[in-house]
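Same chain, two partners: chain A is paired with chain B first, then with chain C.
Moving on, here comes the complex of A and B:
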């Protein structure tokens, strides 16, 4: 089985190989090894890009292979970030508080430390008590479990509700978008227990690792993101191959026919939806410590739509396409919006890319949808060898 | 003799007859003042009353003005003859005017004039005395201002003058206000209990905020605690510890009343322990053991046993102290019959207020529903009838609003500009819709998910384009002045005119769309094409043209909705995005492919959102969150919406 799924997906080998080479090059050139040709902040950008690629291949499995256009996977991504952020914030502030109370005449009790942490974290929303959702925040392992459980359970419950009442197609997209909107509106409230629109911040400082320079931490996260991406790629390559892959592709192409053949379509969809939700959560948990801050804006419906944009531009129905699309568009986007792209003077008007990038993105998105439904990944078809077993979209 | 007597009598009569009326005129203001010159010059709060009584009793027309000037420190005394004048500084001298007639009375050097400065207490007494003059002042604005002053800070002694002035009131509106105010004052400050109860009962039919305030002021309570319920107090209610208030709160009241020793907080215990550190230990307990509450308690107990700190109040002590006392709330008003009457009246008022609030909530919900309906009705056509997901629908709304804004920049008259803007917005977005249908959507009719993505691309491009052209700050779209203000039914129920206008607009569009779809050739063809394009084409209908027109129509209506929404909210490049999810919700909840369904969906969402906001008014975010959750659940149970199409029209 193992051999067969790898032979079905030759891209796995090439993807892992190029990922490994890429990671090695970046490591050697980074500040962590003293070379300094790639700055720490750019290493972080690359690490974040790897996380986005991971969530993009998850999106590709749920949309490109199963045909569910979910506009909620960035919500799972954000939830994963929130879950890890809770531990990061709690643990770091615990260390600071313990340090500052050490000088006190009478040693502090655990309750006092807990209260002081609460005041420190929630002072910004005018509260000092820990909301119930923070009960596991003190423990790294429990909170890591939350990274998997919270997005996974949300995806499971939502998917179960949606699939069992046979909401499909655009209706499902709108429903997932509504879920995302509801979640972000909820998190915007100060009463949500996650610091309202302030979000969680200072996540780039790992508890107990203040002595370690950010250059090394960034490389460590870069490696972790690369490992997660590689593992995710293998996992999804396995999911989309074999009998399982055939069934979910069948669901995409004609759901009713698959159901009439006796397959329990809802279970397959629910499995894919939940699994990709969990992977999205893990990607988020790796992304936000590199970003340093998470707030409800990150979960807004637009983020999930951008995710769909990346996958569409990269090419649906092929994992490497989605990964490339995410990397290409997100890096290009940060290049354009950070003023990296040269402005174009037209004499009467100067096109500043910080203003015009979104217009360009929107228009090129329309163009890709209309003219190149296979996206960037379609380019590989031109150079692909004749006997390729890669599925691709045959619509 | 008789003649002499008669003569004497006549003489006396002659002397007396004019003397009666003449007395008031003869004894002019200055004379009255001179009889109590000392009091005028340096009035005291207690003693000034007799003087003011004399002044008001004289009935002289110049008294009110004098009182006013007196309080405002505009009255001066001339030291040479002790006479009072109104004076104004002119250089070093003072220009004098007569206090009775106001006529100029020459000037006097500054050294001769002493300003009279009544203190705050006296000024209040004067102001109260002035009220009765102002209440019957010939100038209606001053009468109204006096009523405002009384309503702002009601005083017991205003009641009499207010009542006296009612008889002479000519203006019917002011008369009503005076009677209302007199009723409210009587309820609070009436002389006898019966009078007050009657006044309170009269208030129970009212609805306004100030009446509720009056009743609440009668019903103010103060907390009380004692070993047994006091006999003669007017008790509002007794409080049971553990039910109405927590044990700790109850104990805190005991502490406040000085009936029990205070509980030491953890911080205070800690401070006491810190003070008593000796040789790395407190009370024999080593510092290392103080990292737990238990260790600290032991250390404190050791200190308390040694007598260095007061003993701790334990939970058991607290419970004993609390159970030995009764806790209650006592009315400030001692007469029980008055408070029970006020309570009854307040209950009655509040019931009426509740029903009116429901009515107001209903109006709000209706208004919100009409906004959602306007935003969604265009979608009901493009998405509901044609099945095209147009994520740029919100941006068409934005386009319409910006069209209105631009028109207002060109045409300054708001009424004309709105009349121009509505059809222009339709034309602009109709054109944009047709262009979009021709260029993008018609290639994607068989790939609905990709329509969603492509139109989303258009949406972000249009949004950014608007940002580049108009900037990020909100642009105003001003409504004509006849739409300002509100339609106010009573103190509780009211609705802004602009919302009524939007409601009317929504109704017009409902009618228009129903007419176009059901009664015109175009509508027939639209329905035919949406049900079966192949069959429609073989009947001689051009599906391309119909699709183009239908999409243009839906987009055009979005443009008009944009003008309406812009009048009520600010115009920004993101305004469309704010409505797009709700609009889709409205269409989906209502039932796709049906205008009535959209109406039902908008109604449901409007009522739902306002209903949730009613229970949690401070948090509109939560209301939106719960509403979306409700909709997600609703779709579970009615996937086809409220008004589901049946039969062949339902399609697949």
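Moving on, here comes the complex of A and C:
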């Protein structure tokens, strides 16, 4: 990651610069650190958008560069959210219970506190015992490790089984859909140990920081998301540059030819799948504390399909395209579905965007795929054609 | 001349059609060998078996001093063991530059982490320059391979084959789409490679084979029909009947 890497990948520099400027603008306009022109809830929306951009560039590496159309990456994103959510819920309820029992005549034993936390968390699914998967929930650092390990291990095991059997193309896409559907259905069950369809909630309240206003918490998460996105961008730009990028693009274009050159294609796919799964998990761990709640619906198959749509509209095969696509489509989506867009009265029928947004999205997806396969990112080619005559950057 | 590759009693059938029928074949190192045969004689399947793309129903394929069986190895392991292949239809990575294509083929460690942490070396760059000169693509190194002409793609693929530094080169129709001068150059190249390595050339063009001036194996219906010098096999009545016609 030296000067030559940056000089060969000018898009990295421009992306980081734009991100820094954007963060600065939001910071000086936010309620906590600026003049308050941007509401706290909108800062949260922007922070969440940065997390979606991060998972979108991960998706771009898997799909746009390596040619694996994974329709299950939001499962890793959701799992990351669940892992951090477990600690957030446990630690916050632990503090509340310790406070309330302080006045008791006999000081409570640690077991009593633990049981009381269990009753509080699992009462909603008619239970009070901690399932074994909550064994590390009391420890921030262990649970942070789980944010990386759980999505990473799932991606590793799933990828190993799928790639080893040489499942490719549409069959692999179907398999990844099945994975995220199975996981989502499993988590919907109360016995899954993650509160069934209730999911984990109250995640916006950080343990021990009750006195800190949400305005400050939201801007801190916004910064953290921006740092994660910047770091993720540099990481992936580095991975897809140089010889690694050459090999994975070779796998995308002609898998068997790469094999005959002596590369073990399955290892490369597994590496990319697992690395992007881990990054998706980290993105999710930053997203859900800003969303406040996670439930199994978040990892329903449709979520991963949306992810693919963002990347397709943004322009796959280039990281900034995927990032812009995710930001553009997800922000537009929340504008249309939250009633921000004015309805269009046609006299005989009124187009209500809350209903018609999906139709618009579907039509745009088809239009982009057919008419502008390079997506939003392709617009930059028009600007860059002048500069690239000297052969500065290829991607 | 030691034997590098030995196939014995190999048979493959696809849906009942015997593509390879009890085929036995040997090649030494160094050696140059041409394979001819009518369409459907099993020439491409023969290469598929050696490179691990197709698994035979029966028979043995033994390679190298340690007499390892190629049948238990994956395509990438076989390639790493020193078997390189040039396909009939030139298959280069069209979205990447000529330099990237050659760099990918260059003999180096092939693990994902080796490749991720790979640094361009002076030696590697010099080797790429050298290869580019051999295949006449020095000026085209920064070009996207998809822009090359058919003949240039053939050259690039030959360059990628040489870059792997294999012990056994399987070359499928190297001269297709080349001008007479380029054919001559290809002949020289293959002959030079065969001074140290084992080279198997599949070709239809008799003139090209004559210029290679090497032992010829005639395949027909999945087995060896005749073997020997070109004059020897072309005077064989059976060969004349099935291949040379009339």
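Points to keep in mind about this one:
The rule we apply is simple: the second predicted complex is superposed on the first by the 381 of 395 C-alpha atoms of A that agree within 3 Å, B and C clash if a C-alpha of one lies under 4 Å from a C-alpha of the other, contacts with A are read in each partner's own complex, and residues count from 1 in each chain.
We adopt the following convention: contacts are C-beta pairs under 8 Å (C-beta built on N, C-alpha and C of every residue); 3 or more make two chains touch, one makes a residue touch a chain.
What you see is a predicted model, and the numbers here were worked out from it, not measured in a lab.
Once chain A of one complex is fitted onto chain A of the other, the partner contacts of A:243 are limited to chain C, with no touch recorded for chain B. After overlaying the two complexes on the shared chain, residue contacts for A:165 are found with chain B alone; chain C is out of touch. In the overlay built on the shared chain, the residue A:24 is in contact with neither chain B nor chain C. Looking at the superposition, the partner that touches the larger set of chain A residues, chain B or chain C, turns out to be B. Of the two partner chains, chain C is the only one that A:260 touches; chain B does not reach it. The intersection of chain A residues touching chain B with those touching chain C, taken from the two complexes, is empty. Taken in their complex, chain C has these residues touching chain A: 51, 53, 74-77, 79-80, 84-85, 87, 91, 93-97, 100, 103-105, 110-113, 115-116, 118, 120, 142, 160, 164. Residues 67, 69, 105-112, 158, 161-162, 164-167, 169-171, 173-175, 177-179, 181-182, 185-186, 188-189, 191, 301-302, 305, 308-309, 312, 355-359, 361-366, 369-370, 373 of chain A are the ones touching chain B in the complex. Residues 239, 242-244, 246-247, 249-250, 253-254, 256-265, 267-268, 271, 391, 394 of chain A are the ones that touch chain C when the two sit in their complex. Across the complex, chain B meets chain A through its residues 266, 270, 273-274, 277, 282, 287-288, 290-293, 296, 389, 440, 443-444, 448-450, 452-454, 456-465, 467-468, 577, 581, 584-585, 588, 619, 621-622, 624-625, 628-629, 631-633, 635-637, 639.
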